[in-house]
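Structures given as structure tokens follow.
Each of the next two complexes has chain A plus one other chain: chain B in the first, chain C in the second.
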Partner chain A sequence: MIFRLKYLRLFCCLAVVVAAGCDTVEPSFRLNMVEAVSNDTGDAYQQEIQNVLGGMFGSPDAPYVLPETGLDQARLQVAAGPAWSDQAGTNHGLYRRHCVHCHGINGDGRGPTARFLNPYPRDYRPGIYKFKSTYNASKPTDEDLHRVLINGVPGTGMPSFSLLPGSEVESLVEYVKYLSIRGQMETALIRYVYDDLDEEEALDEKGNPILDPNGEPVMLRVPLDPENEPDQREAILEILGEIVDGWNAANEGIIVPAEDQIPSDSRTPEEIAASVVRGRELFYGVKANCVKCHGPTGLGDGQQDDQDYWNKVNKVFLESLTQKTSPAVEAVKQEVAATLYPVRNAIPRDLRLGIYRGGRRRIDIFWKIYAGIAGTPMPGLGPASAGATGTLTEAEMWDIVEYVLSLPYEPPSQPQKALPENLNPISSAG
Partner chain B sequence: MSPGCRQSELGPIAEAQAAANVRASLSEGAEAGTGSSAAGSTGTGWATLKGRFVFDGTPPQMQPYNVNKDLATCTINGKAPLQQTLLVDSATGGLANVAIYIRKASRVHVSLESPPSRESLFDQKECIFLSHVYPLTLGQTMQIKNSDNVGHNTNIEGKNSFNQTIPAGELIDFTPQKEEAVPVSVRCSIHPWMLAYFLPRKNGYYAISKPDGSFEIANVPAGEELEMQVWHESAVGPGHALVLDTPDAKKLKWSKKGRFKIKLGEDEVKDMEITVPAAALGG
Partner chain C sequence: MRLFWSFLFFLVPVLGVLTFVLAPYFNIALPPDVSEHGRVIDNLFMFILYLTGAVFVVTESVLFYFMWKYDAGSNDKPVKFSHGSHVLEIVWTILPAVTLLFIAIYQMQAWAVAKMDPPRDAQGKIIDPICEVTGRQFNWDFRYPGPDKELHTEDDIVRTDGKLYLPVDEEILLRINSADVLHSFFLPNLRLKQDVVPGMKQNMWFKATKTGGYDIVCAELCGWGHYKMKGRVFFLTRDKFEAKLTEMIAEKNTMRVKVPEEE
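Moving on to the complex of A and B:
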């Protein structure tokens, strides 16, 4: 009887462990399978890429960064790992406490709640951010990421984290950058393997190719093995350096408006009204083209057929399924396709709501008009980089800011009538 | 892992010991590296690689673009223009818009060291990019032109990320800085059917096949092995690499990545006819 009871106890213990399931498994970073499959990364290379990434970045419970990244290991440690608080009241595992259920362990925007949100949570892995103060192609500054955490993103599922202590927000900013740099490195490694590591002809002792029974040379896979291949080591550190340089250059990419063009706080109502009128002309004109997507009423009901970067990656992948390939490739592609969320089009912002995802200050809207919104169809009207040619002057862009900010306050009973488009075709001669 | 805990998780995870070894070796830095793995130059003199891509099969009928905005400008006599995803010359069977280029050149002919001209025009008219596959030598400034009477924006993906409004009838300069290994897409968000491909390269060793399928790359390094990359937007290989397994391609050891190697003699003019079966383009 006692004997049986002992086994019963053991069984109960086991049952508890099994039921606990999810919590007892240490999470791992998973490979970006859309990239891997698109770049024909075989199983052996997938494992090797994961090993290199594991060496360079550690795991969700034990993050690690090479000094070259400039990231702060101590801050990452506080943000990573399981959520718990020590006796002194210090919170650990901040990312899993606050972020993971939407943004996912990999930072791929695929946490358990992600599927139910519109827009989908940001996938950090490409390192592209929408709400920032820099040129379209530049990375966001720490301050930009900080601002998004403090303000949240109005009109989306992203809440404000302004109640967190400053040090916790800083740790989370660091961790988001870590996930981005890791994600960029992951894609770069997948492409490096595809581009530079190829099959080699197997050679015998005399250096002659070994032939198979059909007289074809036997091919050997060149493994990704930076531990034993100095050239690979050098290439990997060079790729990492390029990625990190992009982040380090963010502060040089900040768009600083010309002091004398910034609208003055002491403008008269008449001056503001005149600016709104000029902005409206530009909004509907063929130079700024805002109307094409935001629609003649500003409701965001113009061109709605395009996608943002993140959805387009999935769309292109899904479209590749229609091409005939080998059954083996087809099967892997179908398996990956089944994990993707439905592709959503980028719907231009409804400018009459008065909700501005990237912030409601004049400068926030100015940055969007100047640089466009990275990763989305929204183009910029200012120069693409310092010294490049812009489409509009800064004064004109400030006028559009003024018009956009006035749109929510136009009385709904007096809808603006759309101006006729394209009345004066330009000469096609020459 | 018990089912239901997570969404389907594909692919391997890192092996602890292997990761630790990589970490140790990367932390030591790259001092042991022997420099770039690009092939050192071994030959002398120059040669010309030319030829023609010929489509083998029944060319597919191109569908009209889904034109849903600015119909007056973007249609011709009320009809939407046809897509350009696979253009075959009806007379000669030539396959247009194949990109062929040297992956890594060990040396560059003096005539190709600097771009042929400082500026290069990238135009759009009737809501079509006029260069469907558009190559550029780094150092050149891309003059993005809008010859329509409606506004466009030019959205270039990849390492030279760019997205700016190009007003009706105007021209905006853009100077890309980074090379791409394969062409990247160029689109217009206002007219999302508009599509072109952009191939910025460090040197002029590239060609895009003409409507009759012909191409020519002059002054390539002779006496050493050249690795060529071949790409077509409809090709089914990874990243749209054009993968061929015809007998001729087998002789060239055409790879699964759309690459082949060739060695030319000094002053040789190599003329190749490359047959592209419909299956290589998803047909």
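Moving on to the complex of A and C:
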């Protein structure tokens, strides 16, 4: 019976379907099209940039880093590639197993589930991170990234990964840095091509310019080819060095609270209450001006018209669509614009909820007040870098920390209890 | 042909029984039970399993027998029609109804202990929650009342790393709520799960009998991350639990940072 023709056909159809499903296409990094289109990067340059990045950083399945980056190649191997486990039970493909569906294969925060999230997942490519212990302009330390993975980001779609073995968390931190450095290099290359690679005159064997029928020199596009052009190679390695230096300097950017201004561990309740009062004064005062954004009641309903860095980039790009350019460029821009998620304003935090995205230790809130939050309109009130002067003293910042931590427990912040039902009919009151 | 088809159908009860017999060796049996009341629930489960298993084997065997005996290829006698047997109908309605009634009454106590009778103190008041569990997409957040033993006061300890610490050998009451959509707080090793409806605070209570770390999983589809909404509950002795709370308070109050050594 099995050999009857109609069953044979059915079997063959099923076999083809199954085989097609089993065949997987290797994923590849996609170019940062917003940057490329904003910088008029032509198709040929786009391809060459992809090639250079491929040579410098490999592919999602086979990452590679130059020794200059200081990244751990072994950890990247574990984090990259398809998700699988070996005989010993070691998990590979950690990024794809845990992160890619939100943060995207490029680390651009555009994975398949990203569009359903508010706030959008982080785009690693600019190398800007909100929740860290360093000055606003500095990179996060490894410990900062580690903390985000361990605690998640409450109030967002980012869960905690503390149940993963420590080595896996460290591999993921390494891979995030890899995607960041790669993303920064991508933007730098696009800008390098735009700024430094111009057209050059075509020359014949004797070194004279070749002229076209009108008598103008024929202009040739200068290809991006660091393998064969030592100048370009040098320039690119210099750019890489700058990017890597930024990451290596993260530990030097850690904000260390001054020991003499840290509140004592053995304060009496009266001292704590006094600190809260001082914090309240500062919160509503002009020097700190917290209410401008966080609102007169701390609900985050002050100004809400600004965007964070990542949304602003998209907003600027979308606004550039109104400028008149050639129809071909228009078409490409429209295509790229269609892939972007809706621009969202940066809504200041409602401080009465008790949800702290960047960490809820005293020092986490202190760091937010000191350095602000990088990539957002939240400004820092401390020195912008070591040796500079800030707007507030550290003691004042600790007072604000005390006030902020007390805000969710003030009577106005507590949910109102349901009123008891009026069981007596109104008519009985006469 | 009757050999093939009737034995194919006979494989169903054979494989069904084999699955349960061999389950422990393939790690698909019930997970280890570390709660006081879990034993009752497991016994109930086993009782129903054996009862329905016996009925299952009997009915499938009868099916096999009929397929074998009345196979069309080997029977050339004319079909005999029966107008049914009134007695048989009554028997096989009453018997299952009585059995179900028995099970319904038999399990009432188990259900009441797990879902209707929270542990009370000497005065008859329900004990205070030792932790408030909040499910959000896609993480479990925990809030301990802190030294003042009251939830939603300033000394609360809030943890978002998915690790719940609880004392062992004590009656525990957890308050469970949801921050956004439906979730279900499921402790497989304590045989307890509780769906949380947003806006509705639920209680869950148990007493753990063994220290160690056990799984927390989400048991109500809550979105694309439901499959990885996991946590870990650790049962510690009372003094270790108190020490852990102190550690968490200290971390909450961190005001200093350690700068890594220059490499």
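As a convention for this text, the second predicted complex is superposed on the first by the 388 of 430 C-alpha atoms of A that agree within 3 Å, B and C clash if a C-alpha of one lies under 4 Å from a C-alpha of the other, contacts with A are read in each partner's own complex, and residues count from 1 in each chain.
Everything below uses one rule, namely that a contact is a pair of C-beta atoms (placed from the backbone, for glycine too) under 8 Å apart; a residue touches a chain by one contact, two chains touch by 3 or more.
All values reported here derive from a predicted model rather than from experimental measurement.
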item	value
Contacts of A:80 with chain B and chain C, given as first, second, both or neither	neither
Touching partner for A:65 - first (chain B), second (chain C), both, neither	neither
First, second, both or neither for A:374, with chain B first and chain C second	first
Partner chain in contact with A:265 - chain B first, chain C second, else both or neither	second
First, second, both or neither for A:243, with chain B first and chain C second	neither
Which of chain B and chain C A:363 touches, first, second, both or neither	second
First (chain B), second (chain C), both or neither touched by A:198	first
Touch count on chain A, higher of chain B and chain C	B
Chain A contact footprint on chain B (complex, rising order)	1-2, 5-16, 18-27, 29-30, 32-37, 66, 68-70, 72-73, 147, 149-155, 157, 160-170, 172-175, 181, 187, 189-192, 236, 238-239, 255-257, 279, 282
Residue numbers on chain A that touch chain B, as the complex places them	18, 21-22, 25, 28-31, 33, 36, 38-40, 43, 46-48, 50-56, 58-59, 64, 66, 110, 112, 136-137, 191, 194-196, 198-199, 226-227, 230-231, 233-238, 286-289, 292-293, 302-303, 305-306, 309, 323-325, 335-336, 338-339, 372, 374, 377-381, 384, 388-389, 391, 421-422, 424-426, 428
Of all residues in chain A, those that touch chain C in their complex	98, 101, 113, 116, 133, 141, 143, 150-152, 154, 157, 159-160, 162-163, 251, 254-257, 259, 262-263, 265, 354, 360-363, 366, 398, 405-406, 409, 414
Complex interface listing, chain C residues touching chain A	136-139, 141, 152-154, 158, 160-163, 224-225, 228-232, 251-257, 259-260, 262
